[in-house]
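You will see chain A twice below: alongside chain B first, and alongside chain C after that.
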Partner chain A sequence: MKFIKKQIPLAIVMVTGLLMVASYYIPHKYSVDYVELMNKWENIVSAFAFLLGLVSLFYSHYGKIKRKADGWGYSLFVYIGFLAMVVPAMMTDGRQMVDGQVTSLGWSFRYIYNALSSTMFAVLAFYIVSTAYRSFRIKSRQAFVLFVAAFVLILGKVPLGQMIWDSLLGWTGQGVADIIEWIMQVPAVAGKRGIMIGIAIGAIVTSLKIIFGIEKQYMGKD
Partner chain B sequence: MKETLQKFFKMDRRWIFLVLAVVLFVPIMRPLGLPNKTISRDARNAFDYVDALKPGAFLLLSLDYDPSTRPELHPQAVAVIRHAFKKNLRIGVVTYIAGSTGLIEQIFETVPKDYGKVYGTDYVIFPYMANAAAVMTQMSSDFYGIYDKERNGKPVRDMPVMQGIKNYRDMALVVNITGTSILDWWVAFVGDKYNVPVVGGCTAISQPGYGPYLQTKQLKGLIGGMKGAAEYESLVKEPGKGTSGIDALNLAHLLVLALILTSNIILLIIKHL
Partner chain C sequence: MSETWMIAGGWMAAGLTIFLFSFLYRDNPFFKAAEHLYLGAGMGWWFQVYLFNIWKPKVWEPLLSGDFFVLIPAVLGLSLVTQFIPRISWISRYGFTFMMGYGAGLAIPATLSTDFMSQIAGAIQPFTALATMTPMMIFNSLVVAGGTICVLFYFFFSVEHKGAVKKISNIGIYFLMIYFGAAFGNTVMARFSLLYGRFDDLYTFSGANYFYASQILLIALVAYFILHSFLGGKKTEEEEPAH
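Let's look at the complex of A and B:
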């Protein structure tokens, strides 16, 4: 039983993983065919993952409604929102426009999904501005450096800020655009590159641990 | 005096919300027409790369944003499409974000008509696909292995717009406009591996993150945020939502600066009282 539950899955992961890595460097028809096959399987598995996510979401919100947990009323909107998009999608075969006319799915997208999604994101702007006022305190040298960089970037990113800079500091002969260019090209890129290299090394190490069976959490506890 | 100043810190945040709402609302309703003074190097590079393509070249446009990032990214997409149509380029549109499909429909409902472009001849829209990385890899060997039909189920292989297109080698450029990390995937899985030029469009907040790719020319150009959209619109000479939105952006940015300065000046005064 242990052989079926542990050894076989680990062997599948190892062989599949090593073949995928090798196929990246081997430009042969067999390796290309293998990658294509794996990609198709991956797409199929992704589709099932969507379904699994949906079932899990419904199950969790059904539980909240049944228990009358705090905010259970909001859970109803999960089902309402789902039906408002899926029913029109099924009725129109997933088409949002037919012969230049907006279908019921197109209508749901424009006037429900579009509006709700935009509103959710737009609300962030209000919280960011409020937080900037309440929390951006210059209490240390590091905070001061951050403030100066943020100040120059915000000012230089909008035309009105550039005009203010030119009228107040134009005599220095240094345009705000040049300073921004330097900030973006030197310290920002240096920091970002360090983060990217760190993430890449972490991803390689994790992948190798999974391929060689050192990391087995994805298999569950049994 | 000290107590009065401290009251400013405890100000009801709804007052700030109100000021921001006014600052955003007024210029949207009555544009101030502030000039967009400078054009960033990355936006100009993006424009120059598209501009240098020969008429009839195939541009793969990956539009991966949903309504949440629409104000910044939709004007970018419209400006690039207008530019491509002006240059008589062929366009294939793909997406890996389900929420993009409706936004793509909205663009192509109106823009092609302005240039007399015909669906299937000058442009085609492919269906949404999940799992972008797998699809990107698949397209490298046989485009039709993954996209054999367009979004309404019609076969695409024989469409005039797809003539001579089999894989990335036949494409002149990939443009990806996104509020996600899909642009990194286009660079890593397609641009670097198959030597396909990639141009990007992203939100202002993620713009600094692409500096390393721009320095190494892995990205040929980048349109950043609403300002980038306004810059591209001015280069294409087609003012749109990016240009009109820049007024609101101007005032909102300056409001943030003013608030940060005010709070810190108050803090400084309180410390010395």
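Let's look at the complex of A and C:
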């Protein structure tokens, strides 16, 4: 049983992983076909992984409704929202436009999903500013540098900021847009590059640990 | 879509937008309803994306045409659902290990070429064209290369950070702070552009052709808050003011 429960899954991860790595470096038709096939398979498996999340969400909200837990009425809206997208999708075969006309799926996407998702992220604008106000205490030189970089970037991207810059520092001959471009192209790139190289090393090492079965926490217990 | 549907859409979008924004004042039933609706709509949207882009064309149609090879990933995928049955949940390992193997195998060459080699090349390459570079370009290239090295020193924990190493890693912190500041500034501006978009939509739906949807819904919500504070009065645990 241990063979079926543990060793075959570990063999799957190792064979799939090593063949994927090898396929990248072997310029042959077979390796290209293999990568294409694996991409297709991965799409299918990921789609079922989504189903796992969906069933889990529905099960959790069904439990709340069944138990009449606090705020159970809101759980109904999860199902309403789901149906508001899926029913039109079934009716239109997943098309948002037909002959230049917006379908019922296009309507649901534009007036329900898009309105909700963009507002949800837009609300974060207020919280980001509020958090920044509370956390931007310039206690050190490093914090000051962070503040200046953020401030110049925010200031330079609004017309009022550009006007203030031009009236105060216009004599330098440098527009705020030039300064922003320099920050983004030079010192920010240096910081980002260091982080990306670090992440890359970490990702490669973790991937090797997964392929060779050293890291297997994702398999759970037993 | 008829004009009536467009007007109904305007009311729907304006209502949902205002309900979500109402959280800025305090938590309330309208926000919670819209929040749960978003969760369901998001799942519904991705469900139909997977249905019409993966399950139907990549599983169902090949099966109907006799290509039973797709049963392998389908069974691997279905194995994930056994997570809900504790007695046989180990079967889900087959699907998970496939995804992990694929992801790990793909990550090694992809990360090596894009995030590792390309970044090192990007820091070094400008120096191959020194003769054609202006003094400012040379200075910038030196700052990028030097800054990258300083940041790497900051993340290098195999030696104790003291003496020269500490000084170099301290310079690295400044480059990191500039990057974090720039990233923060960009995030703020991206969120604000979304905010302008929502305000623009609310402005559109406030027109006579939408029967003043934004104004009416906004007034109705304000009236609810006023009535609630006078009549309901008592603040429940769930309806804390937003911070």
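Note that in this section the second predicted complex is superposed on the first by the 205 of 222 C-alpha atoms of A that agree within 3 Å, B and C clash if a C-alpha of one lies under 4 Å from a C-alpha of the other, contacts with A are read in each partner's own complex, and residues count from 1 in each chain.
Rule of thumb we're sticking to: a contact is a pair of C-beta atoms (placed from the backbone, for glycine too) under 8 Å apart; a residue touches a chain by one contact, two chains touch by 3 or more.
Model, not experiment: these values are computed from the prediction.
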| item | value |
| --- | --- |
| Touched partner set for A:25, first chain B, second chain C, both or neither | second |
| Comparing the two partners chain B and chain C, which touches a greater set of residues in chain A | C |
| Partner chain in contact with A:101 - chain B first, chain C second, else both or neither | second |
| Contacts of A:160 with chain B and chain C, given as first, second, both or neither | first |
| First, second, both or neither for A:110, with chain B first and chain C second | both |
| Contacts of A:52 with chain B and chain C, given as first, second, both or neither | second |
| Touching partner for A:137 - first (chain B), second (chain C), both, neither | first |
| Partner chain(s) touched by A:12 [first = chain B, second = chain C, both, neither] | second |
| Partner chain in contact with A:78 - chain B first, chain C second, else both or neither | second |
| Touching both chain C and chain B, counted on chain A across the two superposed complexes | 24, 38, 40, 42-43, 46-47, 50, 106, 109-110, 113-115, 117-118, 120-121, 125-126, 128-130, 132, 147, 150-151, 154, 157, 184-185, 188-189, 192-193, 196 |
| Residues on chain A engaged by chain B in the complex (per definition of touch) | 24, 32, 35-36, 38-40, 42-43, 46-47, 50, 95-97, 100, 106, 109-110, 113-115, 117-118, 120-121, 125-126, 128-130, 132-134, 136-138, 147, 150-151, 154-155, 157-164, 177, 181, 184-185, 188-189, 192-193, 196 |
| Touching residues (chain side chain C, partner chain A) in the complex | 1, 5, 8-10, 12-13, 16-17, 20-21, 23-24, 29, 32-55, 58-59, 70, 72-74, 76-78, 80-81, 83-84, 89-90, 93-112, 115-116, 119-120, 122-123, 140, 143-148, 150-152, 154-155, 172-189, 191-192, 194-195, 197-198, 201, 238, 243 |
| Footprint of chain A on chain B - complex, ascending | 9, 13, 16-17, 20-21, 24, 34-38, 40-41, 66-71, 99, 101-103, 105-106, 109, 129-131, 134-135, 137-138, 141-142, 145-146, 151-152, 193, 204, 208-209, 211-212, 215, 225, 227, 246, 249-257, 259-260, 262-264, 267 |
